[in-house]
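By letter and in written order, the chains are A, B, C and D; residue numbering begins at 1 in each of them.
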Amino acid sequence: MSEPVIAAAVREITFGQAVREALAEEMRRDPAVFIIGEDVAEAGTPFKVLSGLVEEFGRDRVIDSPISEAGITGLAVGAAMTGMRPVVDIMFGDFITLAMDQIANQAAKVHYMSGGKLKVPMVVRTTLGATRRSAAQHSQSLQAWVSHVPGLKVALPSTPYDAKGLWKTAIRDDNPVVIFEDKLMYQLKGPVPEGEYTIPFGTADVKREGRDITIVATSSMVQVALQAADLLAPLGISAEVVDPRTTAPLDARTLVESARKTSRVIVMDEGYQRYGITAELAAVIAEGAFHYLDAPVTRLGAMDVPVPFSPVLEDLTVPTPDRVVEAAKTLCGRR
Amino acid sequence: MSREQWLQMYAQMLRIRVFEEHVNELYTSAKMPGLAHLYIGQEAVAVGVCQALRSDDYITSTHRGHGHCLAKGASVDRMFAELLGKAPGYCGGKGGSMHIADQERGNLGANAIVAGSTGIATGAALAAKRQGSDRVAVCFFGEGGVGQGILYEVMNLAALWTLPVIYVCENNLYNEYTHYTETTAGDLLLRPRAFGIFAEEVDGQDVRAVHAAASRAVARARRGEGPAFLLCQTYRFLGHHVGDISRAYYRTKDEEQRYKAERDPLHILTRWLVAERLAAPEEFARVEQQVRAEIAAGLQFALAAPYPDPGEVDRDVYA
Amino acid sequence: MSEPVIAAAVREITFGQAVREALAEEMRRDPAVFIIGEDVAEAGTPFKVLSGLVEEFGRDRVIDSPISEAGITGLAVGAAMTGMRPVVDIMFGDFITLAMDQIANQAAKVHYMSGGKLKVPMVVRTTLGATRRSAAQHSQSLQAWVSHVPGLKVALPSTPYDAKGLWKTAIRDDNPVVIFEDKLMYQLKGPVPEGEYTIPFGTADVKREGRDITIVATSSMVQVALQAADLLAPLGISAEVVDPRTTAPLDARTLVESARKTSRVIVMDEGYQRYGITAELAAVIAEGAFHYLDAPVTRLGAMDVPVPFSPVLEDLTVPTPDRVVEAAKTLCGRR
Amino acid sequence: MSREQWLQMYAQMLRIRVFEEHVNELYTSAKMPGLAHLYIGQEAVAVGVCQALRSDDYITSTHRGHGHCLAKGASVDRMFAELLGKAPGYCGGKGGSMHIADQERGNLGANAIVAGSTGIATGAALAAKRQGSDRVAVCFFGEGGVGQGILYEVMNLAALWTLPVIYVCENNLYNEYTHYTETTAGDLLLRPRAFGIFAEEVDGQDVRAVHAAASRAVARARRGEGPAFLLCQTYRFLGHHVGDISRAYYRTKDEEQRYKAERDPLHILTRWLVAERLAAPEEFARVEQQVRAEIAAGLQFALAAPYPDPGEVDRDVYA
């Protein structure tokens, strides 16, 4: 693993471009890698993230599929078991519901059930996130489900840099990995080295250092946390923003260390709050930093409602910088 | 069929056409949140089928569902309101374009999961049968839906238990941006037939053909003769959704032009009505005036309507 | 709702009989109720829990289905929307993976998406629990997934009494309810009144009162907790065992009150520990009883591994009374 | 086919028969953890198909998987060990009866999800094709598997992309305790044909018929002519699993007797070999002796083998 120091002059590209670059580099490196999914070839997915790949790698390696999420996931499991490294593109995270048997009962368990003889090096690529006015069946953030299942790894990149590095690690991993990309982040720009680098799974990243409060956030919520940190600074509250980057494996140590340092913690994730990612993060931190915490960990997940269509309602369902600021002020006794 | 019935079908198809044109306009003028999948070009399918139904029959619909909803009798004002996320919308603004439902007219809802409502329609048919009614259920889906395994699971159930459900497959040639021949092996009609389901292919641009086939299927189902499958060959004139403007990478302008010029369901019907001397052009104009007035008023209503109260956000999660 | 005081002379029946009795009573009461599933009719399910129902209610109301979990769940959603009250039998909890789209994207969301106009009064009946030597695809306890999804209710009966009462509530509920039954509990006997009673969802039950430590446990783990409490008593540790009975809605208040009283808490569930039910229970208690707790909440879920076949391995993966006793002693400073 | 090849098939079928009898005995004497689904009665399918395969071809299997595993070349000692949850088992005791896999002989694993391995087999065929090999993949499944939607999804993929996969449907008449005619509408063979897949029905009790049909399907697939579907009509002589003793509520003793007397795949083969004067009864006895010796030794090995180390419990979760 190599995580180079980013030179001042490193070029900026979008999150979407970083994903594409990682895929292209890995496909050049390893002929066993292929992509399969709905409208991934000429269309390059509805979000255009994969545009250009079919032109370079051809239709045998960038495969437009029927609308058969279970079928293509199952096919990928079999191909992975026999020497390939498939990337299955599931257009919206909500559609993993259709492939859960193949993901959780097959991909996740083959290695263990075979006593370590067979392996399933595949990546399921999908999306998360609301506020696109896409309503209840195109807006969910279901990372809690897959994070719950032993045998799966789960990555949630929050910046272009992390997207490229986590993607390359995912493709080289010998296990099934599910990567969630925030649909609203594809245009986000950030520095991404052209060279080769990978980000090991299970290493959280301190996205911003701070002293007074820790905000642990995943994916889309990292940007919200960073905005909140900006708003908190002038109030004299120095917020540390920690991004686990992978929920499985989880870098509990970095989370706990930050919590011990600041004594106050907010955990954020765009999935439903109830029985969601924030529950595990809160429980792990409460356990590891029990004697250091001034107050209970504050959880900020999505509201426990199907995502409503109407913008005036939808915007109420996800944590915003303002709501983080309120929670932080309460935790810091500023009200 | 009477002259009035044909004119009624014309009016319904035109309502859909004009409604969708306004939706497109709402999108391009940034007045509508999110996206919408327009039904323009496919009007004869929804109208031909729904005219063969009773008001208390059920339908289930898809992401491309405005046409089905209107054809089943929904009013344009509450539909526009829903698309704009307004309180008087059919779902109080909570569903939006992809989830419009209209319970009073048996529309059990659009569905944003491809083939996601095939089970629902089949279950509604089971309920109708168990309750001793002679209602039928129609399940609309695009040809992309044949990629989903659940369709085969429920066709098997419908055939086994002789359920009054009609699967209406609208083959508009594209699964989003991919031609269906690249995603669909073998013979589409053989798929339902393998389960012992009565299946017919029909020209989906000809509302008379659709209506005739649908009427046959509905009559069978009402008589207790079980499920049917209609493969309606059709075409969407515009993009997969309102934002799909540059389509050259997956289909030619020429193809689009040909369909619009030669296979427009509105023209096909009016041409026939005129040829048969059943209606004169002035009558179409009169219908169009009415339709446009209704839709303009509906849109006004929706634009002026209030957004839902913020307190609505966590209501209706549980009944 | 009516929860009668159980007379001393109340008859004892098994957990399985309680389930069957509840179903039979509800089917007599309401002709809209029907059961659909694989081998539910003459076979009465592989666990024989439904034996006799088809004889009383006929094959139109106890329907043997093809092996089509997604299809029959979807069919039930539609039937529920149009006046019926289906009970869908999913033989093993592991198979809900096949029906997650219909459960989470359809059943759970229809009421909300329709602005409250349509409703889906259906019950998904399924199982949980390991140690039957059934290996990785027949042993999971996936209640965390459905508990995560707004619009669903989730019941986990732990006694014959609760099974009957929760089942009757589930069938009368106008929402989709998922009920998990522990496969190893079907032969468990307990007092069950013959008369009519229901148990409201969202009311935890204190299965045993205690002063020194709270053990919150679900389903199969309630019996393990009670056995542990028996072992702890002679050690001078008085354990309170609290059973939430439904994870959604969750009776947080009763859990928190018990935690405030005892200051020490163990939470137990047979699902995988990571991102599982115990995370939510721990987080909720840590928040509600923060200033009362002497130590972090101890979580005892299943080990985060696919369930192994070999008995010597499988038995290591689930919490046992001994392990609870160890955890309790540690919490109480007895080591 | 030579005399030796027929005798080899006889030996393989007998190995399965005797192996399964011992499994039953292990269960009844409470020496085996859990349950097992015996293959007795269906031996001709696994053997007929696997004899048409190369060692490097792939198979996927089901909950009723011992026969497939043995037919593909597994050794009985490590299989017994797996069934007993012992360390030298094929999966180190972690998989058990329903998950036996034998990577070296291309057995990608039994699967406890009905139709759960249909995608895996199809994916292995895709890999074989992409890697430029001429390997084929065989997907075994019971007729109950046709209830699962994923089968149709992957048959469509296999047909679209001309993948070298052979779907072998073993129709033993029952989905657990329910006769397949109560769960299966229409014509089974039409289902693959609807996707353009070459499909044949074959007498699954006649190993020669199975072998001939499988050889045709394998040859097509190796030549790049795509998928095939074999519907093998067969019967399981015993219960759904070892604990399924009282079967009167779902099938008659008479039916069972008839199959055992008239349709036993071992008898059908030996009768033919004798009639054709290709083998004499003494030769069968000699084969039987060898088989019984092998199996007795294998069982002894397994009974004596150690259980896995407790530390194994959380190994192999991740590669």
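Note that a residue touches a chain if its C-beta (ideal position, glycine included) is under 8 Å from a C-beta of that chain, and two chains touch if they have at least 3 such contacts.
The structure displayed is predicted, hence computed values, not measured ones.
Looking at the partners of chain B and chain C together, the chains they share are A, D. Averaged C-alpha coordinates give centres for chain A and chain C that are 31 Å from one another. Mean C-alpha position of chain A lies 36 Å from that of chain B. Centre-to-centre separation between chain B and chain D, using Cα means, comes to 46 Å. Within chain B, residues 91-95, 99, 111, 113, 116, 146-150, 153, 156, 160, 182-184, 317 each touch two or more of the remaining chains.
Along chain C, residues 65-66, 68, 70-71, 94-95, 98, 101, 105, 112-113, 135-137, 150-151, 304-306, 308 each make contact with two or more other chains. Taken pairwise by the contact criterion, the protein chains are fully connected, each one touching every other. Residues of chain C touching chain A in their complex: 94-95, 97-98, 100-101, 103-105, 108-109, 112-113, 135-137, 144-145, 147-151, 247-248, 250, 271-272, 274-280, 282-283, 286-287, 290, 293, 295-297, 299, 304-306, 308. Residues 38-39, 41-43, 46, 64-68, 70-71, 94-95, 98, 132-138, 303-306, 308-313, 316-317 of chain A touch chain B in their complex.
By the touch criterion given at the top, residues 33-35, 82, 85-86, 91-99, 111-116, 144-149, 175-178, 182-184, 249-250, 307-308, 310, 312-314, 317 of chain B touch chain A in their complex.
Those residues of chain D that touch chain A in the shared complex are 58, 60, 89-95, 99, 101, 103, 108-109, 111, 113, 116-128, 130-131, 137, 149-150, 153-154, 156-157, 160, 315-319.
Here chain D touches chain B in the complex through residues 146-153, 155-156, 159-160, 182-187, 190-191, 193-197, going by the rule given at the top.
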